Structures are given as structure tokens and as C-alpha cells.
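As written, the chain order gives the labels A, B, C, D and E, with residue 1 at the start of each chain.
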Amino acid sequence: MTRKPSLNLRNTLVAVAALSLFAALLPPSATAAEPMAGGQMMIERAKILAQPNVFGVFTTFKLRPEWNRVPAAKRVMAADELKKLIEKHKNNVLVDVYLTRGLKASSDFLFRVNAYDLDKAQTFMREFRATGIGRNADVTETLVGLTKPLNYITKDKSPGLSAGLGSATYSGPPPRYVVVIPVKKNAEWWNLPAEQRLREMETHTSPTLAFLVNVKRKLYHSTGLDDTDFITYFETDDLGAFNNLMINLASVPENKFQVRVGSPTILGTIHSPEEVMKALAE
Amino acid sequence: MTRKPSLNLRNTLVAVAALSLFAALLPPSATAAEPMAGGQMMIERAKILAQPNVFGVFTTFKLRPEWNRVPAAKRVMAADELKKLIEKHKNNVLVDVYLTRGLKASSDFLFRVNAYDLDKAQTFMREFRATGIGRNADVTETLVGLTKPLNYITKDKSPGLSAGLGSATYSGPPPRYVVVIPVKKNAEWWNLPAEQRLREMETHTSPTLAFLVNVKRKLYHSTGLDDTDFITYFETDDLGAFNNLMINLASVPENKFQVRVGSPTILGTIHSPEEVMKALAE
Amino acid sequence: MTRKPSLNLRNTLVAVAALSLFAALLPPSATAAEPMAGGQMMIERAKILAQPNVFGVFTTFKLRPEWNRVPAAKRVMAADELKKLIEKHKNNVLVDVYLTRGLKASSDFLFRVNAYDLDKAQTFMREFRATGIGRNADVTETLVGLTKPLNYITKDKSPGLSAGLGSATYSGPPPRYVVVIPVKKNAEWWNLPAEQRLREMETHTSPTLAFLVNVKRKLYHSTGLDDTDFITYFETDDLGAFNNLMINLASVPENKFQVRVGSPTILGTIHSPEEVMKALAE
Amino acid sequence: MTRKPSLNLRNTLVAVAALSLFAALLPPSATAAEPMAGGQMMIERAKILAQPNVFGVFTTFKLRPEWNRVPAAKRVMAADELKKLIEKHKNNVLVDVYLTRGLKASSDFLFRVNAYDLDKAQTFMREFRATGIGRNADVTETLVGLTKPLNYITKDKSPGLSAGLGSATYSGPPPRYVVVIPVKKNAEWWNLPAEQRLREMETHTSPTLAFLVNVKRKLYHSTGLDDTDFITYFETDDLGAFNNLMINLASVPENKFQVRVGSPTILGTIHSPEEVMKALAE
Amino acid sequence: MTRKPSLNLRNTLVAVAALSLFAALLPPSATAAEPMAGGQMMIERAKILAQPNVFGVFTTFKLRPEWNRVPAAKRVMAADELKKLIEKHKNNVLVDVYLTRGLKASSDFLFRVNAYDLDKAQTFMREFRATGIGRNADVTETLVGLTKPLNYITKDKSPGLSAGLGSATYSGPPPRYVVVIPVKKNAEWWNLPAEQRLREMETHTSPTLAFLVNVKRKLYHSTGLDDTDFITYFETDDLGAFNNLMINLASVPENKFQVRVGSPTILGTIHSPEEVMKALAE
């Protein structure tokens, strides 16, 4: 497996403009997704990753020991099998796969499936479970969330910060690393007056502006859908900068209201789906 | 597996009038169930789902890897085998099955069994364990509760809200999604004076009225029967609305007394039992 | 398996007079057990269940998938094998077995072994592990405790309540259900002055008197013997009444000192040992 | 397996003078161990159990189901194999084995290995893992600690209590039971001034003096070596007295600083290593 | 397996100058690593262990029972296979292996992989998973961190302590033991003003100076990369001194802000990679 991610995935990621900090995940012009009738149109990466009302299903898998006993000739078919499955569902879901083996104890690879309909993401994941590699892997974690319009740092509520976020753009090399961190807030947070929560989110956002050049972020909401309130998703090529960003986020009062940060923190490398499958077939 | 739920299940669900918010799970006219002597009468869905003193057993299953090694010809028999088992027990239990594979790490499917006698629900679940698919699945969670007459938002104690709940009716499309969330409250809650608990439940109920058109709810009580106080059960076709509802419920003082919300949060899709079995036989 | 418990077990249970609430587990006339020398006398149910200084070992088992692959002709031998084992140890231990399959995720059956010597209970459980069914089952929980003379609600310390407990008698139908709940109290509780603990236990006991007609209770002490302070054991035929009782117990200040209630809450049905084995051999 | 422990183990245990309460685990005359050069001298039980700077490794094992499928003729060899292994390492480690099967869910037997060099204890445990029974058992818990000179209740700091401890001697029958309980204290405890900690330990020690006739104790220190601060080890023949002792220890302010007590509490019976192996070979 | 660590590993460790306490992990002259282009240069142990911006991946493995069934002739090949793999990756990663079997329940051996690029550490660990022993072992824990320049006890901020740390040098025998302890601090800590955190770290550092002769330390930062803030790594030959050091660190106010210390605490012995493999092949 080569360390360099496949070009087409890279380009698309770079093409997504300003997937910036939590409060600025969507360009101001983003409009609500119009679910496709009949699923005739292929999912567009740049669009679905920028829209609200999109479901994200994050699933980690750990290969069972039996996978080692599958003949090598069969194991290498995993890449092609997954490619065909993604092609089959291209009108329903956008699929990203990441390699976590070697960096996480509880998983070997991670799927992120974006879809306008959650049941279509479910169908894709269910069919993956029936593939050769899927049958030899245990699901070790699933996180479900959906994207929503901006809540706190909007043009109206916080014009200065909103402008700051709008003008910050990722300018690093194509990210090699992905980090997914579920976050849950306590009852005290949710019971705060809206104005105080806005102030806390402003204090949260200010020190992060400087990191927008090095770290891309995307936010999914999960309250009621899963045992977390948020799924925070990051891509970066500079894990040192990312570590500093996370220390900054730990150092604001909002953090005192967080009862779950990680558990698990999922860390992986970015590759095309085929590359991940090939690496695991070795 | 088709995404569209089978018509007969759908119709029945729609027929259940006003399975509304926690405080309004039962129409005011609901009377206590009269346990059937001898079990000669078939369980009526609309009735048993609206009565107090009904037991609910929620059980999630995860297929073991061996299931993949069962010949396909045998796997497809699961649907028919379950259908016959449900028919055999139709005078004792009402059975719903949901598909969680793809949305939850720890399960592939969920049973909800309603019964006037808990031991009859046990007998059904035990016999399911002896079926072909049941022998190849691990039980990963069981939650047991029972329905009870309204406690807080009654015509007497809170007439305004009670009327509001009574007039709110689900009017969305047939729900595609089910969510089951166990909730446990702390000793401080149970030690509050009854009047204060009533006030907190009123504060809990008010912001939820608007969601009754999009979300159906049902409540089971579990204190002493299980490691939870309540099993909250939801059906919806609009998970975005459901997410907003749950944020509203997180934002009232009552939430400060909750020590368990979820863990697990069970999320699945609604289908006929046969459809679920077929999907898992693929 | 028939739902009706075997008559001989039922009768014995009914014969045990006034196994009432925590504070009244022993009739005032109960005297300390005299451990038998040499084990020549058969254990008497009514006596051992009413005496202090008796050990209780609660063990839950979950059948492994291999059990399904044991030939049916061998599986049905489990009932007879257990019967013989109980007969062999009848001078050393009193054995009760309950069916939890279908009601609990982590177990299929529960043993309660009462003995004057803990090592005799250990020997019985060890020999059960060597039987056909024992070899195909995993132990999923063991709780060890011992009975002790009354501590708080005695004739001297709390004459009124003591009389109330003494006169309350179970009058429901033979119980079909068993519930076992471990309870652990925090350091604050144990550091309270004895008089305050007495007051709290009186407040705990008063609202429970009304339930003595529907629920039988028995208490084992475990501090230092296990990761719990108490093992509370209940039998009832009316789980609705039991749920109300437990809500009453949750609503007194004593509950604020409890750091473990359940985890697990074990819920099962009452049958003769042979019936439980037969049900699991199907 | 006979219930009576083998005489030689018993005698040695009785020979260990005054293994009394935590604060008095070592007779005042005990001097620091002189690690043996070259390991030429056999470990002396009475000496190593009374010295500071001795490592204790506690390891619980649970037999895997495969053990049942090992032919009986091979299973019975476990006793002899262990005997030889202990003989081989007699210059390096002191080995005790206890039977936990039937009393604990997560283990079947427990090793306590005392050694002047931790790596020698490791080597012994590693070689046990390579024996016939060791290969069929999973390690379910390991606790590592070391003995240290008295800290609080010394002749200088607390002369009265120190004398009380010195004169208290175990006078019960040879203990049949062992209990091992890890204890961890919180940051508040460790930040208390030394004088206050001394006072708390005096309050802890006073009510325990009366139990020294019935319970033997030994203390290992684990801060930094394991996820616990202490491993408390007890032997007794009177579990009722032990339960009362532990309630006394729960009822002093020191307990408020304890964040881990047990988890697991390991309870077993005392036998010679061969007897334990024989019991598990049945 | 001989207890004496291989000379070449020992010498290198001794050669690393002053791997002292947390605040002094890097000699003042250490400069940021310059990642190697093309990986043509072999990783230098003394350099990479003293530089900031170096990733550390800690991974524990537990052998599966199947390993026992691999023929001995194949098992012994593990040492050679690992040696070749390390040679293959010598330009990308620095690999240390430790033996934990016998001292920890959840692992048999521990890898520490240091690398300038995290994905190169991942590739090494992934290829190890494909070796004979790697295929028969489960990953039970992975911790990822990176080294950073000094933060608190610098020449500028705390000149006295900085000098004290600079002059303290390890002077004990070659360490036989390794301890790895993850540490996570709470939101209150991260929200303290920088000056107060400096003061707390000074209070933390002072009592540790005396232990620098007996204990080597190294610090990795993990906030955002894993469910911990720090990975603390220790080598010592004197576990009694280490235990005293850790009690000292528990006894300062900084400890009140720590919500995770250990869980797991990983304790092992230091050997060459081949020695570890040989010990596990026995």
C-alpha cells in the first residue's frame, strides 16, 4: 500500500471549499438538500458534504482472525467487490473508507457513509456486511448523526466571527489523517439560556480560527439518534497543529459541560476505498 | 429488501390513535387490560398497545459469524419459521421486529414483544431462541417494562396540557424509523415532592406538543424490573424533527435528574417480521 | 415447558411464613443456625431460609452456542443429571433454579444455593460445572452473601414498625417471578450515626408495609465478600405491585446513599430445577 | 476434593506470627529483605511473608471450555506438572494457589506469587502459562504490588495502637477462605497533611483490633505499578466476622477517600496447589 | 529466556542522556526533528528519542489460544521474522518491544514505535500484524501521542527547577522494567490560567528531582489523537523507588485535576525484540 492517497479522492476533498470549524461547516449559501426522488442522480460529493439534513453513518470494523485463513486469492478480491458495491449504490450514498489498523486497538477500518435517507445508508452497510471481507469483520462501533444549518456563529448572531470563519480556508497539503470524535454535553449545558450558549461558542470559536489553514472540520448532530450529541469529523495533514487545536478547545469553559469527548477517538489514514481493502488483504 | 414497509404493519400503526408524548400515551378512555383466561383470544394490536398493565420485552440480537456459514437455502427459511412462531403465539403476545443492522454496532435486529403476562413473552422469546436464526444469534440487550396509567399530565392535575396532548395527532407519513431509549432517574428526582415533579413534567411536556405530528411515543415503566426506570419507544419518519424534539427534552430541568439516557440508544427501521428475516438471510 | 410452577416447590415457598420486607426477613423467634456436624441431616428448606448465618450463592449461567450442537438425546439428560446432583448434596445445600432466558441478555438460568458452610455451596456449584449442561454454560455473574440477625427494625429499636412487619403476611398466589438486586451503599451512609441510619430505615420500611401481601423478600449481606453490600431477593406474582414497591423504595432519602442498585437486576421465573433444565434442553 | 486444606500449607500459615491488620502487617523486628544473589537458597515462607520489599503478583485464571475436551488422563496431570514447576522455581518464588470456581464469575483459580525480584515472579507465571492447564486458561486479572515497612501505626507515631496490634494474635482454626481486595484512594487523600492521614488511619485501626483473632491480613502497595494503590489480602475461617470487620472499615471517614474497593473482590478457598489442580481436573 | 537484557539495547538506553522527569524530557539543546525525505537514513535511537515532533505508538498484544497450537518449529521463527521486519523499516521507525506476560492480564507484549511520520508507524504495525505471531495475537490497547518541546519548566519560566532537572542524571543499573501510564486531565485544569498551571507543575516537579537517579521518564502528548492527554513512559530498575515517586506525584494538587491515570497501567520487562519473541514462543 502506498502512503500517498489516490488523486481523485484528494482532489475532491480539496475542492470542498472551506470545510472549516464547527461553526462554519457550511458556506453561507448552502441550501437545504432536496432529497432525490427515485435515486436516479448520482450523489455529488461536493454538494452532499456541504448540505444540511444529510445523514452520516460512521462504522468501524475489526477483522476477525478467520480473515487470515481466507486464501490470499480471495482476500484480494475485497477491493474490487467494494468498488462494485459503491458503484451500485452511487445514487444513494457517498462512501469514504479509512485505514485505522495499527493506530486503534478496536478497529481496522472505518466507513463514513453520507446519505439523504438514513435507510439507504443502512442498506449499503448491510450489503457490505454480506461481502467477503464484511463477513469476516465485526462492527465495533457505529455512530449516526445528521448535518444541520448553522446554529450559533451565523451572520446575524455573531457577524465578526462568522466573517472570520468565512474567509478562513484550508491551505495545507492534502490531508493524510482523519479523526472522528463523538462529543456529548450535559444537562447543564442544554439548560443554559441561548445567549450564554452563544457566548460560550464564540469563546470556543475564536482561538480556533488560526487552525483553519491546517485542519478541516465537519459536524454531525446526534441527540436522540445515538449515545452522543455530536460527531466531530476532522481531516488534517498536520497532527501537531491538530493536537494544539484540541488543547485550545479543551481550554475554554464550554469543555466543562462535556461529559463525553471521544471514547472512542477514532484515528486513521485517508486512502481510496480500494487502497484500504488492498492494505487489509496483505 | 425493499425500503417500503409492508402495508399491513403500516396500517396498523396508523390505526393506533394518538400514541402521543410521554404524558399522553394513552387516550383518556383507556381502561385497564383484562388478562385473557386461557389465551383463547388473539391479541389485538390496537388494544394491547393502548392499555396499561401490559408488559413490553425489548430484545436485541446480533448474528454470530456462523450464520454466514449456514447454507442460503436454510437461511431463507428464517422468515417462514418466525411467521409460524408468531402465529403459534398470537393469543399470547404481540410481536414487532425491527432491523438495526447497519445502524447499530451491537445488534442486527430488535424484538418488541407486548404481552399481558410476562411469562408468555418469555416463552415466546425462548422459543425464538430455538429457531434456526435464533440459534445463530446472541442476545445483546434485553429491557423489560410495563405500561401504566397516566401519572402526571392527567385531566385533573394538568387540564390544559392534557387537552393539548389529547388533541395532538400524528399526521406524518407511515414511520420508517424506530428509536428505543432507556431512561433512569436519580434518587434526587424520586425524592422530590410530587407537586414539583408534576411541574417539571409540565415543563418537559410543553415544548414537545409541536412534535406530536411527527413523532409517536410510548412509555414502559421498569423500576425494579430492570436497570432502568423507563423504556421510551418512538416511531417517526422525520429523524430531523425527532432530533429537535430530543434536544428540547434535553433542555429542561428534568434532564438534570437523568443518570441514564440511552446506553444503548437503539435505532432501527420498521418492517414486517418476515422482511427483517429476509434482509438478514441475504 | 408449562408456565405453572411445580406444586412441590410452590408449596414449600408458601410454607415459608412471612418472608417479608428487608427489615422483617426473619420471624422474631428465629434463632441462629447450628451448623450440622458431618452433614448427616438433610437441609430443611423452611429452616435454612429463616435462619441467620446462612450463606447464599447466586450464580447466573448463559448457555454457549455449542449447547445447540449437543444431540437432543443428551440435552434432555440435563434435568435428571441435576436432580441427582441435588440429591447427592441434599445434606449440604438447598438449591433453587430459575429461568431467566428471554428476560435477561446476560443469562439463561440462575442458581440460588443456600448453605451453612460456604465451601459446601462452592463444591456443589463446582460439580454442577462438570455436568453436561454445566460444561456448555458460562458463569456470567456470581454474588455471595450471608444472612444475619435483624439490625434496624427490631422489637427494641422500633417496636411499632417491628409489629407491623410481624403481622404482615404474603397472601397472593404462588409467586411466578423472582428478582435479585444487589445494592451497595456509599461511605457517607456507613459513616452516619447509628440513630440516623435507624431513622432512614424506618422511613424506608413504612411505605413498604402495604406491599407485604404481594411481595416476599429476603436479604443477604455481602460487604467484604463481594462488590456489593447487600443481595436483595424477591418473589412475587404481581410485577406491577413490585414495580410500585420499588418506586416507593427509590423515593426515600436512603436511596441517595446507594451507589449500586442492580447492575445486574436479575429477573426470572420460578420453576422446579428439572423444569428449568427441560426448558433449556428444547 | 476434600474440604480440609492440606496440613503442610495450614501449618505454615499458622506459623506466620501475627499477620495482623493493615497497620501491623509486619512484626516490629522485621528487617528489609536481602535479595538473594544467584537464587541458591530456597525461599522461606515465614520470612518472605514477613519482609518488606517483597513483590506480590496476584493472578486469576478462568478455564476455557476447551479444558473440558482435554482427555481426563491429561487433565489429572495438571497437579503434578504444577508441583514440578513450583519445585523448579523454589529458590525464586513462593507460590500459593486458591480455588475460586463456584464463588466468582470471572475466575476458577487464583495464584499469589511472592518474590524478591518481580521478574522472577513474571518468569514463573510465564512458564505456568505454558503448562497443560495454563494453555487452557485465560488470565482474567493480574494485580502487582510490593510490601513496605510500616507507615502510619508505628511504635513512634502511634505507640498505643502499635502495642495493641503487636499483642493481637490470630487464634482461630486454620483459615479456609481467602479474600483479595484492591483499594485505590483519591487525590484528596494523598493531598492530606501526613498528620491527618495518621489520625484517619488510627480511626481505621481501632475498631479492627477485636477482629485480629479471626482474620489475618497482609498489605501490598501498588501505586504506579498497577491501577490500584493497595492490594489487601485476608485469610479467615469466619466469614461472618470478616463481614463485620469490613463493615467497620467502611464506617470510618477514611472510606470517603476510597474510589476503588474491590472490582474485583476475589473470594476463594485455601488448599494446596495440587488440591486446586485436582479439583479443576474433575 | 534470560533475565539479563541484551547488551546492545541496554547500552543504547544508557546512552540516552538524561531522559529525566516529565518537565525535563528533552535536553535544552534538542531541536525540532527534520523529517527525512525519502527515508534513506536509518533512524538514530539517541536522536529520535530526544527530539520533539516525534510520534509514539504504544500497542499491547495478547496471544490467542491458537498460538499454542502453532507447531513449535514455526513459533520460534517469530524472533527472526520480527528482526527482519525491523530491519526492513529501520529508516522509518524505531521499535522497542517489552514482555508483559505474567504481569498484566490484558497483554503479553508491548510495542513502542517512534517515527517522524505517524503513517510510517502505522505501516510497520500493520505489517507486524501480518507476521506469524501477529496473526495469532489480538491488539488489546493502542495509545498514540507525539513529543513536544518543553512547556512549563523551561529556562525562562522556571530557571531554578530547570537547572535542577538539567543536572539530574540517571545513575542506576540498566533498567529492567518499563511502565506506561496514560494520563488525562479535566476541563478545570485546561481552563486554569497559564501561570497557575506553571505553579502546579513546579509543585509537581520539585519532589521528583530526587528520583531522577533511579527513574527515566519520557512524555508523549495525545490530546485529540487519543482518549488521553498524555502517555507517560518510565524505565527503572528500582520499582520501590518508582512506587515512591508515583506516591509523591499523587500527593500534589495537580493530581486533583487528573481524571484518568492508567487504565491501563502497563508494566513489563525490558528485553531485545528477539528475546521477547523467544520467550513467547516457548
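Keep this in mind: a residue touches a chain if its C-beta (ideal position, glycine included) is under 8 Å from a C-beta of that chain, and two chains touch if they have at least 3 such contacts.
Source: prediction; values computed, not measured.
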Minimal path length between subunit B and subunit E through chains that touch?
2
Roughly how many whole angstrom separate the Cα centroids of subunit A and subunit B?
30
Based only on mean CA positions, could you tell me how far subunit A sits from subunit D in angstrom?
49
In subunit A, the residues touching two or more other chains are none
So that we know how the chains sit together, what is the shape of their touch graph: line, ring, star, complete or other?
ring
Chains encountered circling from subunit A by way of subunit B, in order, are A, B, C, D, E
In the complex, go through subunit C and note every residue touching subunit B.
1, 3, 65, 68, 99, 101-105, 176-177, 179, 181, 239-240, 242-243, 245-247, 250-253, 255-256, 258, 262-265, 267, 269, 279, 282
Touching residues on subunit C, where the partner in the complex is subunit D:
53, 55, 57, 59-60, 64, 66, 117-127, 129-130, 135-136, 139-142, 144, 146, 148, 187-188, 190-191, 221-227, 229
